[in-house]
Structure formats: structure tokens, C-alpha cells
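I've put the structures underneath this note.
Both complexes shown next keep chain A, but they swap its partner, so chain B is in the first and chain C is in the second.
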Partner chain A sequence: MAEAERKLNNGNSRIDFQTDPSKYRHWKLAVDGEVATLLMDVDEKGTLFEGYELKLNSYDLGVDIELADAIERLRFEHPQVKVILLRSGKPRVFCAGANIRMLAGATHAHKVNFCKFTNETRNGIEDASEVSGLFTICVINGTAAGGGYELALATDHIMLVDDGSSAVSLPELPLLAVLPGTGGLTRVTDKRKVRRDRADVFCTTEEGIKGRRAVDWRLVDEVVPSSRLEEAVAKRAREFTARSSRPAAGKGIALTPLKRERSADAVEYSTLSVEFERASRRATITLRGPEAPPPASAEAMVDAGAQFWPLRLVRELDDAILDIRANEFDTAAIIFKSSGDPAQVLAYDQFLEANKKHWLAREIRAFWKRVLKRVDLTSRSLVALVELGSCFAGTLAELVFASDRSYMLIGQRDGDNKPPASLVLAEVNFGAYPMPNGLSRLASRFLADAGALEKANRPIGEMLEAETAENLGLVTFALDDIDWEDEIRVFLEERASFSSDALTGLEANLRFGGPETMESKIFARLSAWQNWIFQRANAVGEEGALKRYGTGQKPAFDTRRV
Partner chain B sequence: MAEAERKLNNGNSRIDFQTDPSKYRHWKLAVDGEVATLLMDVDEKGTLFEGYELKLNSYDLGVDIELADAIERLRFEHPQVKVILLRSGKPRVFCAGANIRMLAGATHAHKVNFCKFTNETRNGIEDASEVSGLFTICVINGTAAGGGYELALATDHIMLVDDGSSAVSLPELPLLAVLPGTGGLTRVTDKRKVRRDRADVFCTTEEGIKGRRAVDWRLVDEVVPSSRLEEAVAKRAREFTARSSRPAAGKGIALTPLKRERSADAVEYSTLSVEFERASRRATITLRGPEAPPPASAEAMVDAGAQFWPLRLVRELDDAILDIRANEFDTAAIIFKSSGDPAQVLAYDQFLEANKKHWLAREIRAFWKRVLKRVDLTSRSLVALVELGSCFAGTLAELVFASDRSYMLIGQRDGDNKPPASLVLAEVNFGAYPMPNGLSRLASRFLADAGALEKANRPIGEMLEAETAENLGLVTFALDDIDWEDEIRVFLEERASFSSDALTGLEANLRFGGPETMESKIFARLSAWQNWIFQRANAVGEEGALKRYGTGQKPAFDTRRV
Partner chain C sequence: MSEIVNVDYSTTIPNNVNLTEDRQVLRALERWHPGYIDWWRTMGPDGFQEALVYLRTAVSVDPKGWAKFDYIKMPQYRWGILLAPQEEDRKIPFGRHYGEPAWQEVPGEYRAMLRRLVVIQGDTEPASVEQQRHLGKTAPSLYDMRNVFQVNVEEGRHLWAMVYILQKYFGRDGREEAEQLLQRRSGDADKPRMLGAFNEATPDWLSFHMFTFFTDRDGKMQLESLAQSGFDPLSRTCRFMLTEEAHHMFVGETGIGRTIQRTCEAMKAAGIEDPSEINKVRDLGVIDLPTIQKKLHLHYSLSLDLFGSEVSTNAANAFNASLKGRFQETKIEDDHKLESSTYPVLKLVDGEIKRVDEPALTAINMRLRDDYTADCQRGLDRWNKIIDRVGVAFRFQLPHVAFHRQIGEFKEVDAAPSGELLDEAAWNSQKEKWLPSKDDGDFIQSLMRQVVEPGKFATWIAPPRVGIDNKPGDFEYVKLAA
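Showing the complex of A and B:
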């Protein structure tokens, strides 16, 4: 049943999400005071996998990994930047979207994960605007097709050159029999609020829409003659700069390379370990609490830079999650454990709370928010084990609430003198880290009962032992030492015996009760439909549109509606 | 590429959605004053298709067609009924859910449409409660598994017998590698607000949950010892009866058999015609306005009964839509046309508005609301053509706003003396018929611009000609006679050339901008994931769980997560 994954172009066996500007092949990042220019200039040969070329600024996951990295670096390394100008380095084309040959040859799992990551990157662009006042202006001089226009949709302001040929389009349906699955349909209706029948016309018009009509239909914010483009861009950049809340002259911190050592069955980071038990299809992530108290001041935090424990941990956690998602498809469950002093974890939460107006504290919290959302959206069963000597407090307790199930040990264990398992809540658990549905994980947990949420609020800062945590509804089961090993073994074995696909669907539904946001609509409605279409013969069959694109042969469709 | 559809058990070539209690094989409907008992007692041999038996009160589409009919009849024929007791006629089992052999042998398209219809039926049970005060109490004496429990979830109150064995369960995932796709997951998290980790435990526990824990986890409303069951049921029935707003002693109307004549390429109803152009994959539904003015009084409306034009039309439209959905998979586009006097259509809207507190007017409006939602959820391209002599006014104008595109003819046509095309708005277009997302179709249309919605409100009652309608944003394109034929022909030909699956996904996204409701979450998030899973080998492959269920062989799963 297994489809074969393509070979990586760089000879490695794993997709690596770490990069830095010195390694970029597709983007040029130039910072000039408060304005940065991010130039898309895709290297046709610089593909992630073998077997295709990235013509016309089309992209694959490798291109998007660089984009995500550039956005993060602008947030941390260049706090004075208030506006990003997103532009193309190629003549007559802004971006042709996801590479079709790449999609045609990719496994279903890669396509789905590719779309998920690119969606997260685009949400990250919107997050930079919303949280940090780091605005993006998209300058389209040429064609922005498919994923190219979807990238534009994630920015704050879309400028289209009015030269009789520059156009925006979502040609996925007419050309490829798939959806604009990187948020396009949702942002057209819900962000730009294009009238639904016009959206229908737009999404079925291969050549797209240009000029005045693109503005009238709300597809772009303005059209500008070529002759006045630079002047107009500079004007908009000044306007957005004036609205930004970023520090006028903050000193950035360098996002230094992660400390990461990989062996056959483990990855060792500076603040966490990942251990793979491949026979039983488990990955255990053990997070380690801080070894030292927080620094004395915000300045000392800036001096610590990427070594500051909460930042180091969140970067490493992000990498670990992405690595499992992209490279360990056979992992059924991710198990979160922790070790350390809960009081120290809380001290860092308090430090960040006390300094929450400082740009770096704000960026670190926003980073945690995004990585926790990445956890929510990870298609693996998530399990938290709260054991002796663990430190699930405050921010780290979010991983317990993000999990599909959590188990907590009651009391001590014979011959083990580590402190009893405890869970500690902090202010940060009540709103700092909203899920994609806009609610905190605790509010999502206690949808039925505002009283339970209120009750959970009371013991902030207390070391809650297992039975108390269970009574407050904070963990699924509290177990004593006699039952612990067996119960968890049986649960994990059973979980691994279930259909991986059914679990994906189940978890995608149960994790997100309550309200919906544009973000949750993208990952639920849009992505779920795209995943469906990515399996249909009309798209991916031998005679389907993705396979036949560019061959001169028309696709052959099963004409029946479902 | 085409999968073969199974043979119908009754020898017919089409699935028929019309039935009446004299034909029921699976349900017994007994009315006793204000309380009706709806007894599920499925005839094992009474299957819709050949090749399986409906053991243990399991169901197929045929069983659900009877259930939907029974609910409608209680609303129209028995207005004095305030409470439905939903019970099983079988010992030790309430309902075993959707029949597994049926699912295993059904085409993908049938599975998807089966789930859609059963979802609509369950939403209809909730609508009866919300709109009409017709409450349903579910009495579970035995096991309610899968779709059986999902049926219970749609009711107002779930009573479970506490006998040590009666239980509720959603065993789809552990047993069949599919989801509880008839609203189950969404209602567990969003209606009953079961804590998400408990929902995870529940949905992965094959044997389900019984007794006190079922109440504590919010899965049922009460548990009752067998010995006190009838007494407790009677007590609850009295409580709900007391809360109902239904008329104490209204005279019902008979939902008489539809007038319907089918030929090879057409279906002729009393108020509308359906014409199939199968070579071009079109179905045209032409609705006819009323021939006479509305009756003089509400009593006269009751006397007219099922012949009252708005009721006749909505029942016929419902049947036509369901027939196309279930039997005409190759239809790419449904084209709505109308003919008649817009003023007469408006007169009926005004009549219903004036009598909106009358139980029958209320039921007729609620029926229109449900059928219009059925249109919204129909997986075909929807096109409205507003031509000479048409009567898209008020309620009928909703079909224009439900369409993916609408075209309106400007001016007269040579040699045709019918009145010019006009569109007329009424109060009813501004809230009486919410879409599944909770908004009116006009509010969904003008998401961007409350001003446009306001502007559309002003000309209520005016006959809007094409260019005015276009300027108000009410139709997609106004075309003159010179362009009309060609533009529409090219559009429809192009539409039929696109991938049917990609259109399904596109329309499911573009039709529902803005907010989400539990209902829209069911059809979007849950159904989309279920559709995906219904294609995965783990469920439907030769070694998948649906195929191997009951064979004694364990399913073989592709263990990779996507």
C-alpha cells in the first residue's frame, strides 16, 4: 500500500527545517532601516526532491522553509523592521505557486504535510502583523498564480501593477483539478470578503483577473501604473511604518544554529530529547526545565539571546515536531514528558509576564503560541505523561492540555526519590496561547462548564498532585504506581493498532470544539476537502489533471459528482 | 474509473424519497394525544439495496427515508404532538447504527450522499425542537452504537437504562476505521460539550460507556433503573410537553402523495418541471408561480392543506433535489428557472408573514428553510437564470442567492412579449431562511459590506430590472439578448469540463463564508474528513476494516500517519 517517497536532492535521508540566510537559494533578504525587502528569486535547480525544476518562481517545501525562516529572523534579529516588501526577483512573474511536477510526483502524505506547513507559514505572516506590527506589503509585478496569489493573500496590502498583463489568479481548479489549498479559498471569502459568486468566477478563470476589476472585486488593494510603482510602494511603506508598534531601534538577537545531535533512535537537543521506539511506533519528547533562574532584567534576556531558556526550548520543540511530521510517518503517538523544577519554569513565565511589553518577550510568547498551535495541528496521537520529577507548569502545562489524553501518577514510586508528579497552572494558561479556534486550551477543555474553568483558575501557582488535578478535570486519568505501566502500555498498543487515517480524522474533530476562526476554517474545511481531492483519480490518477499537466494530453475525468 | 452501483432491492432503477406510514417497513408511528411514539423496528429483509440484511436495528438510506418522512408528518399532520418518544422495538438493542455490509459494498458517492441525507434528517429533528417545540426524548434500553447513538445525540433528552449492560458507544474508529460521520463527533464536543480527552476515550472504546459514568461524562442526560423506566419516561414526557409552544388542539393537514410524472428526460410535478439534458450534463428545474392569489384566511390555508401553493412547491422541490442528488450523479449543473407573476409570489410571502404565528405557516416556512439548506449542500453547480416572464421574488429569489452564479437578461427579446426579467426582494430575504452558517443568503453574499446589504434592503417589493440588480450586487452578470445564449452556453460547457471533485470542494468552500455553526461544522469539518476516510484503503481497501468486518480476518492497515 505504501507509496514511495521521492529522493531528496541533497542526498540526505531527512527533510531538515533548519536553515539561515547564508544558505538561502530562493530568497534574498535585504534590510534597510525600518523596511526589509524579501525578494523571491527561486533557483530552478535548488529543489528539495529530485525530478522537477522550480520554474517561474514556483515553490516546493524547501522554498517555504526558507520563507518561514526569513520571517522568524525578521521578528527576532531585526526588531526595528516594521514593513516587509514581498517582491519577485524575476521579470513578468511574481510567483507561479506550488510546483506542479513536485505535486504530481509527491506521496499523498507529503502533499498534505506540504500544504500544512505552507499554511502555517502564511498564518505566521499574519501573526507577525497582528502581534508584532511587522506588516507585509505584497508588490505584484507580473503574474501571481495559485499559491503565488495565496501568498499575497496572507499579506496586509496587495499592490498590483496595472500594465495590461499583470494579474492575480487561482487556476488550480481549471488547470489541475485541485483546490487552492493554502488558505486561498478561505481568505478570498473570509479575509478579503469577495462576493461568493465573484469568487466562483475568479476561481474558475484560468487567466485570472487584472487591473481595475481586481480592485473592484476586492482581490487586490490597489492597482498602480508601472511608471509610478516605486513611488507608490515607498508611500505605502511609509504609511504602514507609521502604524507599527515595533521598537524604533531595538537591538536584535541572533537565532544561532540549534544544538542537535542525531543518532539512529534519538535526537538530543540542549533542552529536550526525542527518543524513537520504532517497533512500537512511539516518539517520546522529554522537555527539560531551566537549569538556572531567569535573568535579572530584560537587557540580560537580550544578552542571553537564543540561549535564553524559553526561546531555546521553543525553537528546539518546533524543530522536533516538524522533524517527526515530515520524516517519521510511522510514528503513531508523540509522548510528552518533562523533567525539572516546576518552580523554575514558573519563574520564567513570571519573568516573561513582567516583561511582556518588551519586544523580545512578546516575540518569545508569540513563538510559543505558534509552536503550540503546530502541536495542535500535528497528525499524531498526543499523549502527556505527568510523572515523578516532571515540570509541567505554566507554559509547559499547555502540552498536557494540547494532548488527546493525559495520565498522571499518584503518589510516590518505590525506590524513587524524585518529587511527586505535579501540575501547576499559571496566568499564561488562561489566554496567552490561543488555539487555532481562538480559545485557550483550558477554555476548549471546559466548553461545557465555565465553572470548571473558574475552579481551575483558583489554584494558580499551586503544585497540584494527581488526584486534585483529576478532580479539577485537568488530566484524563490519575493512576497509582500499581496500574501505571500496564494501563499506559495497553493504551499505547491499542492506539497503534487503530487505523492511522481514522485517528487523523478523529483527532482533527475532537481537538477543536467550540468556535471557528479563519485559521481553523483553513485547516478544517479547506484542508480536509483538499486532502480528499488529493486522493481522487481526477487529480492524481494516471489520467488525472496533475499527472497530465504539461503533457499535451487532456486529463480524463470521472464526470460523476459525489 | 466508475464503481458499480448496487441493485435496488425493489427492482426499481431509482431511489425514491417518497413514502408514507402505510408503506413503512422499519418504523411504527403511534400518536396518543400530545405524545407520539416512534418505534424503530427494522425489518432485516427490507433493505434498499440487495446484498445485506439489516440486523440489530441497523439502517440504510431506506430506513432513514422513513424516519425523515415520519418527522415531517408529525410536524404537519399532527400539530398537537409535543413530544416524540424515540424507542426501539427490539429487545436489548436500541440501534446498531449504519449497516456495515451496506457501507462496505456501497460506492463512494452513495456513502457520501447517505451520510449527507442522514445528517439532514438529524438536523431536522433538532429543527423540529427549536422551531416548532416538537421535542424528542430518546429512550435507550439496550445498546445504542455508532449511528444509533448519533441518532440519540440529535434528540433533546437521552435516557439510558441502568441495567449493567445498556450502553452508548461510537465504535466506528476501533471497529471499522471510519468516523462517526453523522454528526457524532461534532455533537459530542459542541452540543453535549463532552471534555475532549473524555471524548477521545469514548470514541476509541468499542464497548462504549454505561451507567453513572455516561451521565458524568455528559454522554446521556440520565440513567434510570429498568423497573422505573416507564414512570420516568412519562415524567419527562410531561415536562417537555409543558414547555412546548405547539397548538393544544390544532387540526393537521394530510401530506398527500406528490403529483409526479416521470419520462425518460423529464419529471413533471404540479408546480415545477425538471428537464434533463444528459448529453450536456444539465438538469433544469423550472418553478412555476401560483395560479391563484393566496387564500383569504389561515383557516382557508389549512383547508387547502398540501395543495396550498408554497407547501406544494417546497415538497416538490425537495423531492426534485433529492432525486438528482441520489440518482443523477452525472449531472454537473442544476439550473433554476421560474415562470409566473412575481406579484403573486410576493402575495404568498406576505400571506405567510401575516400569519407567521399560525402553526401551519410556521411549519411551511421552516420547511422552506430546510429545503433551501438542502440546496446549499447539494454537490452540483447551481445556476440561476433570470429570464423574461420569471418570478424570482421573495422566497423564490433565495434560489438566485443560493446559486454559485446567476445571470439576468437585460431588456426585452425580439418577438417575445413576456414581461422583462425582474428580481424582487421581500422581508423574507433578510433573515427568515438562514443558511447552515446561520446567516441569511444576502448577508453571506455581502459579508464585506453591511452597506450593500442595507442598500439591497431599500427596494423591497420593487421589480428590479437586470442592470439595477447587477448594480445592487444581487446577480453575478446582467447580459443583453445578444450575449445571453452564447455566454451561458460557454459557461455551462466549461463547467461540465472541470473535475467534478474539484468543483465539489470549491463550492463547499465558497458557499459558506463567514461564521460557522454546529451544523456547518458537521457538513464541513466532519463530513469532509469522513469523505477522505471513505476513500482510504484502511477503511475501504480489500484488506480494510469495512471489508474485513465480520470475516474473522483482521484488517491490514497502512500504519503511516498523513
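Showing the complex of A and C:
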């Protein structure tokens, strides 16, 4: 299939992941005490790209960016909100899922990134429930098809109106010859524990399942007649509110716009820089440690708000990663560097640890966890360079462990009097930031001997120099000044010469050793099955289902099973 | 319900589908029937279950058999299952299966799509009975009362026809759908009927006549296109339903025609030349022509919504699958596949109404709707002739398709009946000029008085030119229960 690049709307040249409620075109966020209503009311014309319309509350990446933003803001700006009511602003339709014409005309790379981001958003909804006690109740009045039902599956409680026509469905296979792309199959079997043969019926029935049977088959939690809907929703909201551990009162912090300046080959944020070497297809992200010690108290942290260093950095890192993923397809490798005082980084980790019961500290930690997972799931070669004057300590050291390769400089370099390269472990490296497979990055790293670092002396808080770090298995190679430049140059050049597809597959395989979780299954199956099917002629060929969708003509399939 | 238990269905249900031999379907119908009678008693004509009504009953499909007239109590009406005779060697007349022998069984790959088509059609049949259940109490004559009951029992039979298809060809799902057709209720908040127009009230007789003229005509167009279906049993069922549907439209067209005639005659007699002298006209106990025009605006626009989006994937799929064709498909001269032709569709392009060529397959709804509009226009022409004959200066006009729409291209905009696009303020200040107001409704309602003396008619409607079954003017079409 020829991949003609589709044009972004409004003359944009990049997909921007930053937004705020004043700019939403597709969602209405209303907060009323402990309950927030998030109303999906997609503006048909408000598309990210040209060439399609978002009919029937279908979505594209632009719609999902707003959803992700809304969830994030509810976590940070409205800590008193305990329940989100996820509803549709359109009559007779909840959400028709990802827009099919958008998918049919999108490049494969965009489709994959789109699915990845939407999955991360849905995982974020589950994370808000699990970590913060911010529960989501999904109210389906109309049809929830495909991605619409998958969105519902990410919530804590699904209510379906029993009016003889409201239904949930996963019509991807019969209608489009693809699979649900946001974890639908996995959540149906693993989360909702729908019996496999019923799931088979459900996933091959285009019109879906409605009414009582949807409850009997565990596809939804309850059905409610229209006339009693509001009453039933209010009752459920009260129940979930009572279960929440969020603070009863507490002023939120404003997620103010990021400070971000873009030039041709660089993006400058307040706590990090991104530099593109386009000829060699590299992006270097340099994270900067804090300039001042942590505040004296949790209240002072709240006062600092979005300026609080760990929060500022994680938001900027999130944006930088998303920007590269969605806009820099030629970038083969992301190189992580850092600069600053490791002791200060550790001080912030200790501050967050000491205040981990405070809602804001909890949210910041959870944010880091999610962004680090985004890094894990980024299909670029990840490289960490631990150099003089760097500050890979505690939370920042996770980027070293997230990388496919890490290099650390031994001793000093000629003519440079910055402090020697050091790596510092902290409590947070041992469980605060699990990967999608449920293990910490260190546990994933030492699968053969999971206790290696747990035993005897965990070198927590020690400034580990290169050779020690290498001996402990914390970095791939420790190199001295003589070899440093050349080894890294050769490695990166070799890396850039490999097949990008094969590397994506290899890295994803090696990053997630060990056990499976629902989350790891979702991403693995997305990459393996969905992305494979998405490439096949039965879906995207001239006579394939996605191409023929909407024309009235039936797709012609290659009937051979692979 | 005890009288039902021992019914011999194979003989009580007039049929030409050999029910006696078809044990399975017979059993399914036996199970369904008590619920149907229950539905008819609770949702059918209110207050007239014991009345003796002079009704035609179809007992076979040949010209002699399908219009047997007699007095009957409606719950005892013999709702039959009658399919047009099977055409030998019928070939599929359109779609990707064009030219193949028509299917006598449901093709598995189209089962869901076909079932949906049958269920949507089936749902409209009982819906209109529910909408019209109070009309008997305000009938302008026994003649009109009989007409509404005739329409009602035949809509009931149409439900049977669709239920037969569901039970015979769609297994367990079909039986469940048949059950749900009895559960939904027009206008019910919890179990509404499937299509919007079938959840609106039919509050008065002008509405009823408008409904049978415009909405039953949509039904006719839908049946016409299903009568083309490659699935032969559906085609045969719909072909026979069309013979009944013609009477429903006759009731609508002549009902409005007689209303117009009465108004024009009363105006003439009173020496009123200007139709817009609404109050003077109303004082004569007739409905002024501008109000009739407003009702026409309302019902036409609601009925257009029933055709769905102008450009529709579902319609394209159904045509391509050879399940639902076009109006008079076999008389159209083209390839009947439409894989490469286009059809002009009125669309909203940059705030203007423009004609845009769309792939003909996806414009199937638009095409059917255009045929519908032409059919409506013929009825309007006949009404206008009535006005001309009496000699009043007024013409009825269909509004532009962009006027007052809830579905399709124009749902987001406001347009005048001329098609001129309006801003919200302009629309709000003028909409009562174009659509019936509450006052208009109250006035019409004030005329709705039951007239039950044989041969007598309410003030606002003229007698028919000919009686039903050629009966004389004072024939007692309905014998009300004592």
C-alpha cells in the first residue's frame, strides 16, 4: 500500500499533545463536588487530519489527546473528585470507536502510534482507579461499538440502558476484518472474564449484545431502564464515592502550559532539552536535575504546583517522548543524558517517599510510573549515556534501566573537571515504578537471580562509579575516555543500519521478559496480531475491508489461513 | 386468554405457506400468538374491542380472496400469513448477486443484515397501531372510524407477516426479536419503537390522515425496495403487503382531500376569498388551508427523516448484498450493480446547499427518497386540483428537503420551506409560520368530536364520493357495542 502522508488540519505540521479544557472540541468536563462528568460530544469537523469526519462520536488521536488531558487534570487539578461519569453527549450513540475512514487513510506508523496512545490513555483510566481511587463509571445510552466499548471496558463499572436498542459490540472482525485495537479482547477475557465461547459469539456479531444478555454474559455490570437511569447513576456514583481514598477536601494544582521552545533541530523545555541529529537519525534528551532542594513541606509542594521539579520534569519528558513518537518517524534512537547533582535528585525522591501518603506526591509518583512505561513502549532504540556531571539517581536512574543499552564513563575525561559519572540507586528503584509486566525495571533486568540486588547490601544512596555499576549489572558497558566516543559512535551507526521493523520487534521482546500482565498482553498482542492484520491485504488491500468500508462493496478476502 | 388455548392455528390463520405441514413454525406462532392478542387488547383501538366492524379480511392472495368484507370484532380478526405467489425461476434483480437465482433460504453471511431489515420494518407495523389507538373516540364518521380500524388490523397483519419471516428463517434470534416486537411501545421512555417518527403521538384525525399519506408512503417505498430482495420469501411477503398499503395511502390522501374540499366549499359558501383569513375560516368549523399546509410541512419532514442519511453505508451494503433494492428496480435501465455510477445528492457544502455527485451505491437512500418525493407530489397535485375545482386561490407545496430535519445532511442547519438557510434568530421568529403551533393544535383538537350516526360527518370533513365495498352513504360501517 502506498503510504501517502495525510495532511494535518489547520496547517499544522506536528501533532501537539498539549491542550487544556478551554481548547477542547470533543469533551465537556464538568466537576460537581466529588463527581465529575466527562461528556463525549465529538465535533465531526474537529479532526486532527484532513479527509474524514468524526461521525457518531467516533474518535481520532486528537479526541484521545483531549481525553488523556482531562483524566490527568482530574487527578491533579481536582483531587476531591472521586468518581468520573463517562457519558455521551449525543443521542442514541455512546461512541462508535476509532474513526474508520481515518484509519483507512492513515499511514501504518500513525495507526500504530494512535493505538499505542489510546491504549495508554485507557490504562491511565485504570491506573487512576487503582492508584488514586478515582473511579470511572461508564454510562452507555445508545451504542458502544468497537473502541467505544473498549473505552467502557477500561472503566470500573459499565451501565447500559435497557431500551431494546442500546448495545455493546466489538464489530471489528465482521465489519472491518481487523481486531479491536485498544485491549478489547484481552479485557473481555481477562478483566471481565467472559466465557471464551460467548466471547467468540460476541466478537463475531456485528450488532453486538444488548439488554439482560449483556449482563448475563458479563459484558456490562448492569442494565437500567431509561426512565430510572439518572437515579441509578446517582446511586452508583454514591457507592463508588464512599469507596474512594481520595481526600475529601484539598485544593488542586493547576497544570499550567508547558514552557517549550522549538527550533529546527531542538526543543527546549525548562528541565530538559531535546536535540535532533537528523542525519544520523538520533534524538538526545538531556534531563536537568533540580536547581534547588525540595520544599520544606507537602503544603509547600502544593504551593509550588506544576513548578515542583519532579512534576515539571515528568510532564516535559512525557511531551518530549510523545512528540518524537508521533512526529519524528526517522529517529532511530533516543539517547538519554542528564546533568545535575545526583544528591539533589535523591533528596526529591526522599521527599516524595516521606510524603507518599499525600495525594499530590502519590499523583506525581504515578505520573512518573506512567511516563516510564511510555518510554518502555517507545519503538525507538533507547540508549542511556551516564557521563560526567550526570544525575542518574533514583527516579532518573529508571531511564538507564529502561534503555536497551547503557554506557557509563570510567574516571575523568581530559580537560573536563565535572564530577565523575555516577549512578545512584534509591528505594524507588525497587518497586515504585513497575513496568507493564508488573515487575520493577531492576527485577526485569535480573530475572535469573531476582534477589541479586535485594540480598545483603542494596547499595542504596551510594554514588556508584562506572566499574562498580558494571559489576553490579546496572549498566551494559563501562568505558574509559579512550574508548568512549568511538564505541558509542560505532554502536549507534550499527544500530541505525538495522531494519527498523526488526529492531522494534526485537526490543519489544527483550524489554518485557518475565511474567505477563493484562497490560503487557494488550501491548504484545497489539503489536503482534493487530499490527500484522493491519498490514495484510484482507484489511488494507485495494479489495480489503478497510478500503471497501463505506462503499457498500464487499471486501474480497484471501481465504488461505496462515 | 382461555379461548385461545385450543385454537387450531393451521385453520384459523389464513395462509398460503402450508402452515399445517410446517410443525416448527406452527409451534413458534402458537407460542407467540397469545402475546400478540394481549398486545392487541391493551394497545389496539381503545374502547372498540367489542364493536362489530365492517372489515375486509385477506384469506388468499388471488384477487377474489384478499378482500372479503364482513362484520367482525377486531380481536377475532383472522390475521393471515400471505405471501405473493412464488415466481418461477425468479432471478435476483440487483446487487452483487444480480442474475443469480433468488434465495429461498437466508444466506449465512447476510443473516444479521437481513434480520435487521426485517426487524426495523416489523417494528413500524405495531407502532402505528399504538399511535392511533385513541382515534376511534373522535372519529368524524363511522366511515372514517372503519377506515382507521381497517388500517390498524392490516398493520397488525403486517406484523404477523414479519414475525412469520423471523420465526421461519432466523431461528432463536428470530423468535427473540418477534417477542421484542411485542415488548416495545410507541413513545415509551424505556422501550421506545425503533424509529423516531413512530414514537410521535397521532393526536387528531388530520395528523392521522397526514400520517397515512406521508409515513405510510415511506412504508410503501421501503416495502417496494424490500419486494425486490434477493431473499425470495421477504420479496413475496412485501409484494402482498403492498396491496394493503395502497389502501392506507388511499385513506390518507382522500382524508386530506375531503378535508380540503370541505374547507374550500365552506369558504365559498361564506364568501371568503382569502385563505389567510384564518379566524374567519375557522369560525366555519373547518380547518384553514394554511394550517393544513403547516401540518404537511411537519409530516413530510418527519417522514424524510425515516429514509436515513442521504449517504449511507448501511443502505449501500444492503443493496450490494442484494437484500434491498430500489423502487421499481426491474424497470430501471442500468447495470443494477452501481459499482461505478454516481447519483446526485443535495449536500451542505461550506454553508450552501449544493448538488454533489456521490457513488450511486452509497446514495441509495437519496434515490429512494427522491422517488418518494415525486410520489408525494402527485398526491399534492390532486389536492390542488380539488382547490382549483372549488375555485379558491391556494396551492399546497412540499417544503425543501433541508426544512426541519433531524437526520442527514441538514440536521445541523435551519432552513425555510423555500430552502433558504436561516440563522437561529430568523428560524425562531418564523418557525410558527411554518410548523403547527400549540394554538393550531388546540384548534384542530376542538373540532375532534365523535360522529356515530350512520351517514353523518363532522363539520370539517366532506363525505367520500363512494362508500367502502360500494356501500351506500348511510351504511353502518361500525356497530358500536351497547
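Here, the second predicted complex is superposed on the first by the 554 of 562 C-alpha atoms of A that agree within 3 Å, B and C clash if a C-alpha of one lies under 4 Å from a C-alpha of the other, contacts with A are read in each partner's own complex, and residues count from 1 in each chain.
FYI, a contact is a pair of C-beta atoms (placed from the backbone, for glycine too) under 8 Å apart; a residue touches a chain by one contact, two chains touch by 3 or more.
These numbers come from a predicted model, not from an experiment.
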{"item": "Partner chain in contact with A:E207 - chain B first, chain C second, else both or neither", "value": "second"}
{"item": "Partner chain(s) touched by A:A279 [first = chain B, second = chain C, both, neither]", "value": "neither"}
{"item": "Broader residue contact with chain A after superposition on the shared chain, chain B or chain C", "value": "B"}
{"item": "Contacts of A:G164 with chain B and chain C, given as first, second, both or neither", "value": "second"}
{"item": "Partner chain(s) touched by A:S499 [first = chain B, second = chain C, both, neither]", "value": "first"}
{"item": "Touched partner set for A:A296, first chain B, second chain C, both or neither", "value": "neither"}
{"item": "Touching partner for A:A249 - first (chain B), second (chain C), both, neither", "value": "neither"}
{"item": "Chain B/chain C common contact set on chain A", "value": "174"}
{"item": "Interface residues, chain B side, partner chain A - complex", "value": "1-2, 108-109, 112-113, 172-174, 177-179, 185-186, 188-190, 192-201, 203-204, 218, 281, 329-332, 379-380, 403-406, 444-449, 473, 476, 494-496, 498-516, 521, 524-526, 528-533, 535-539, 541, 545, 555, 557-562"}
{"item": "Touch list for chain A against partner chain C, complex", "value": "162-165, 174, 205-207, 225-227, 549-554"}
{"item": "Contact set on chain C toward chain A in their complex", "value": "96, 112, 116, 180, 183-184, 189-192, 194, 313, 315-317, 319-321, 338-339, 359, 361-362, 364"}
